[in-house]
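First chain A sits with chain B, and in the next complex the same chain sits with chain C.
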Partner chain A sequence: MSGLPILEVKDVSLRFGGVVALRSVSLSVNKGEILAIVGPNGSGKTSLLNCICGFYKPQSGRIFFKGVDITRMPIHKRMEMGLGRTLQTPYVFPGTVYENIMVGYVVRNGGIFRNLTYGAVEEARRRAEELIDFVELEPYRDAIATELPMGLRKRVELARVLMWDPEVIMLDEPASGLSLDERRDMARFILELNEVWGKTIILIEHEMNMVKDLAHRIIVMDSGRKIAEGLFKEITRDARVLAAYLGE
Partner chain B sequence: MVEASSILNAVIIGLASGTIYGVMALSFVLLYRIARVVNIAVGDMVLLGAYLILFFAELHLVPNPVLNILVAALLASLLSVALALFTERALFKPLYGQPVLTLIMMTVALGLLLRGATIIGWGTTLRVFPNQNEIWPLHPLEIGPVKLPYVYVWSITGALLIFGAFLYIFRKTIFGIAMRAVSLDPEVAAAHGITISKMYIYSWIIAYVAAVLSGLILGAINGINIIISDLGLSRALPAALIGGIDSPSGALLGGLILGLIEHTLGTYLNIYLPGIRDVIPYLVLLVVLIIKPYGLFGTVRIERV
Partner chain C sequence: MSRPSGVFKESYLADMGFIQKRFHLVGLLLLFAFLSTLPLYAGDFYTSLFMLIFTFSVAIMGLNLLTAAGLFSVSTAALMGVGAFTASFLSQPPLSLPFFIVIPLSGIATMAVASVFALPALRIKGYYMLFLTTATQFTIEWILNYITKNVPGSVVYIAPMSILGHEFGMIEKYYVFLAIATIMGYLIAHIGRTPLGKAIVMIGEKDYAAHIFGVSPLKYKAIAFAIYGLYAGVGGAMWGYQIGLATPEHFGFMLSWEMLGVGVIVGGVGSYVWGSCLGTVVMIAISQGITIMVSRLSVMMPWLGPTAFGLRAILYGVIIAGILIAEPHGLASLLRKVKRFFDLFPFSY
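And then the complex of A and B:
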């Protein structure tokens, strides 16, 4: 199931003024695995993803993707290299679902003259069509994305990220705000992405059932530190994890 | 009593001059929508455009006066691309993320800079484009009862071309979709692969070219003089706000409404109340903003409190 490390985080620390968000966090993500990052609110999970995708620049530490140091690389370069992420609150702009997905085309096809042509639109449209099928948004393809409910927006965003065919997909709470049915759908998409499409997935999630069912490996964070790492049954027995979740 | 044909004439001329207000408003709207820059320098960009076109036209690169002015407009547009790059990279790039007011102050500075440059380069006396009367014959184009000066024919054609091209790009191409996506939240858009800095440069380029080309029409109508700068701002700003500050098609509509009211109601009232014509745009703006605070086509912002 898991192969060589594709993404490595080494001793990353992040501070906002006096607030320490990450304290020397290290982890590695193996090619082809689903790695879940769990932890209480404010434990640094999203900050960690933000460092990996480039929203935040850590004060110290290094991040390597496919062996390349990406710590200081601009966001769009990282995406071009094959990273992709969705947000806790999905980002959609007031255009159709189609357009919202098609925009992901620019990641690996950034040339302005190419992107003014009809050919580029056609190619993007074809690819978007496949992805709309995959995330089951067919009835909504011409709906205005900002008018859709949360569950569907999350699918729009996922499809957009898939437009540039990233190798590592970071999903920030893909199930939050979703109904039970929608969660099952989302879990199904994640599994298919991993097992059929061969994507490596980093998953931040509060929903423990989902983590238990999906993740090959779990990292637990608390107060900006990584406090445990392992299989689901291992971490649920870990005294520090129990303390972080249940209090001392 | 006003004759029916003269009313019709005023309506047509109003709409025609509205097209050029629309193009200037587009310049303003685009910068706001993509880069969140409230560009107070738009009139000065128009002014500079008029002088740049004058400069290239006076070189007489092509013997035919019509072709000559077109070539001059093309060269001025190309030069304005370089100016856009300079403006974005040197003046605005360091300021992104700063409060809106800082960006506005920078556009005020930019405007004064551009205006100063034209005074140094060309002085303040009224100039006209070379062979202006051959390019735009004094005798107006007569379509039935309507007498339309040729410069307005240019204005309509030019505005249709600019808006047609722009709306096609904005709505139908990947580039346009990316531009629309970036305007919501630049940082987050970057996580979806859109290079924000490029989008900012492109929006400055389009804004400059639209303003510079407007300079050709305003210069031809009013003569080329520092006054164009105020005229540009005082029409672009209300037109943009009437249409909705972030709507490109609203900019055209805002321009048309403004031109129409200025040349009908404005001209009529001006007989009784000289000077009212120049105030009319702002009166219209006031009324629109009271009824629809986000303009006719603007995005209504709902903010959490």
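And then the complex of A and C:
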């Protein structure tokens, strides 16, 4: 299943004034795996993704993607290289679902004049339609994205990220705020992305059943530290993990 | 894909065309029939009024796109000035270039100027932009005044439109203007539906969030500014050809405000073509109407004296507020309602 490391985080620390969000976190993500990151609220999961995608600049540590040091690279360059992430609170702009998805085309096709051709319009269109089918948003294709409920917005974001066909997809709580049915759908999409499309996935999730079903490997965070790493059955026996979840 | 029955398109592109239904085509044809025959029955006054509408529609299209990118600018008039002054330089001896070269070149020159002034704007957005572009407006006005400081009245001239020695009359110029407005309208509508056009709208909301999805705010703000400059420059050159001369006074701060407040916001942000055209019609109708009213008032009540001109701004504000209270997303949304009505007609439930 899993191959060589595609993404490596080495000793990354991040502070906001007095608040320490990450304390020397290291981890590596293997090509083709689903790695789950779990931990209590405020343990630094989102901050870690923000460092990997470039939205936050860590005070120390390095991040390597496909062997390249991306620590100082601007966000859009990392996306061009093949990273992609969704947000805990999805971001859609006032426009149709279709428009919100097809915009992802510009990431790997940034040439200004190329982007203005009919060919580009048609290619983006074809790809967006495929992805709308994939995330099962056909009935909402022309709906205004900002008027959709949370569950559907999360699918819009996922499809948008898939527009540039990233190798590593980071999903920040893709199932939070979703109904049981919607959660099942989301789990199905993630599984298909991994098993059929061969995507490497970093999954942040509070829903333990989903983590148990999907993740090949799990990392547990607490107060900005990585406190455990392993298979589901391993980490659920770990004393530090139990302490973090049940409170000291 | 689920689609309404009876709608069949052979390619994705056709499906995305601007004309989706027969009545869109009918509406468009009626509009063109009206505009292309207008000079034949309307007098000089209305012909030149419509030329003015074409001119400002073009400039406002670019401003509308810039506004959709979350960038508010009140320097459009000054940039039109740059376009008009460039047209003067290119159309007069020694260059004496023909109008069909002068107009695009004026657009490109203004695009370059707008891009330079955009540099500090790339890192800010929203209402902070109003302060910055106010400075841009006055800086450009000052430069235009400086260029013409030895000319009485600061006037520059634009050579008459002509082809092979044949000088165009008002009606011929009208058709040139109609053609330019049509081309520029088509272009901006096309830009609007490309992925690049969507990226511009995406940075308009939360630019930092757009960045996480790989859409660089800096890059797309710069592109929006370039397009804005191009459209303002072409509009400015059109202005120059219509009037035959230009002075910095024509391109004042108030005009910039009217273009943003009425041309774009009353018209409808994001509706690059129809919103801009509607906004322009309202802008010109109000300013013509108020000018006439105010001059009548100052005849009837001479004691008003120069304060009559203050009335202009007040009336302007009242009318705009009224329109925006009735239609908060601008007149383009009214147009969408009409379109929707006909789309569903006769089953409008």
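Annotations
In this section, the second predicted complex is superposed on the first by the 248 of 248 C-alpha atoms of A that agree within 3 Å, B and C clash if a C-alpha of one lies under 4 Å from a C-alpha of the other, contacts with A are read in each partner's own complex, and residues count from 1 in each chain.
Following the convention adopted for this analysis, contacts are C-beta pairs under 8 Å (C-beta built on N, C-alpha and C of every residue); 3 or more make two chains touch, one makes a residue touch a chain.
These numbers come from a predicted model, not from an experiment.
After alignment on the shared chain A, the placement of chain B and chain C results in a clash. Using the contact criterion defined above for the overlaid structures, shared-chain residue A:6 touches neither chain B nor chain C, since it reaches no partner. Legend: residue contacts after superposition of the two complexes on their common chain; A:94 is shown touching both chain B and chain C. Within the superposed three-chain model, A:53 lies in touch with chain B and with chain C [touch as defined at top]. Looking at the shared chain after the overlay, A:171 reaches neither chain B nor chain C.
Contact with chain C, but none with chain B, is seen for A:139 once the two complexes are overlaid on the shared chain.
Residue contacts after overlaying the shared chain place A:152 against neither chain B nor chain C. Once the two complexes are overlaid on the shared chain, A:122 sits against chain C while remaining clear of chain B. Residues common to the contacts of chain A with chain B and with chain C across the two structures: 53, 55, 74-76, 79-80, 85, 87, 91, 93-95, 99-100, 102-107, 109-110, 112, 115-116, 120-121, 124, 157, 160-161, 164.
For chain C in complex with chain A, the residues that touch the partner chain are 1-2, 11-13, 16, 190-191, 193-196, 198-199, 201-202, 204-206, 208-216, 219, 223, 270. Chain B contributes residues 169, 172-175, 177-178, 180-181, 183-185, 187-195, 198, 202, 299 to its touches with chain A in the complex.
Of all residues in chain A, those touching chain C in their complex are 53, 55, 74-76, 79-80, 84-85, 87, 91, 93-95, 99-100, 102-107, 109-110, 112, 115-116, 118, 120-122, 124-126, 129, 133, 138-139, 157, 160-161, 164.
Taken in their complex, chain A has these residues touching chain B: 53-55, 74-76, 79-80, 85, 87, 91, 93-95, 99-100, 102-107, 109-110, 112, 115-117, 120-121, 124, 157, 160-161, 164.
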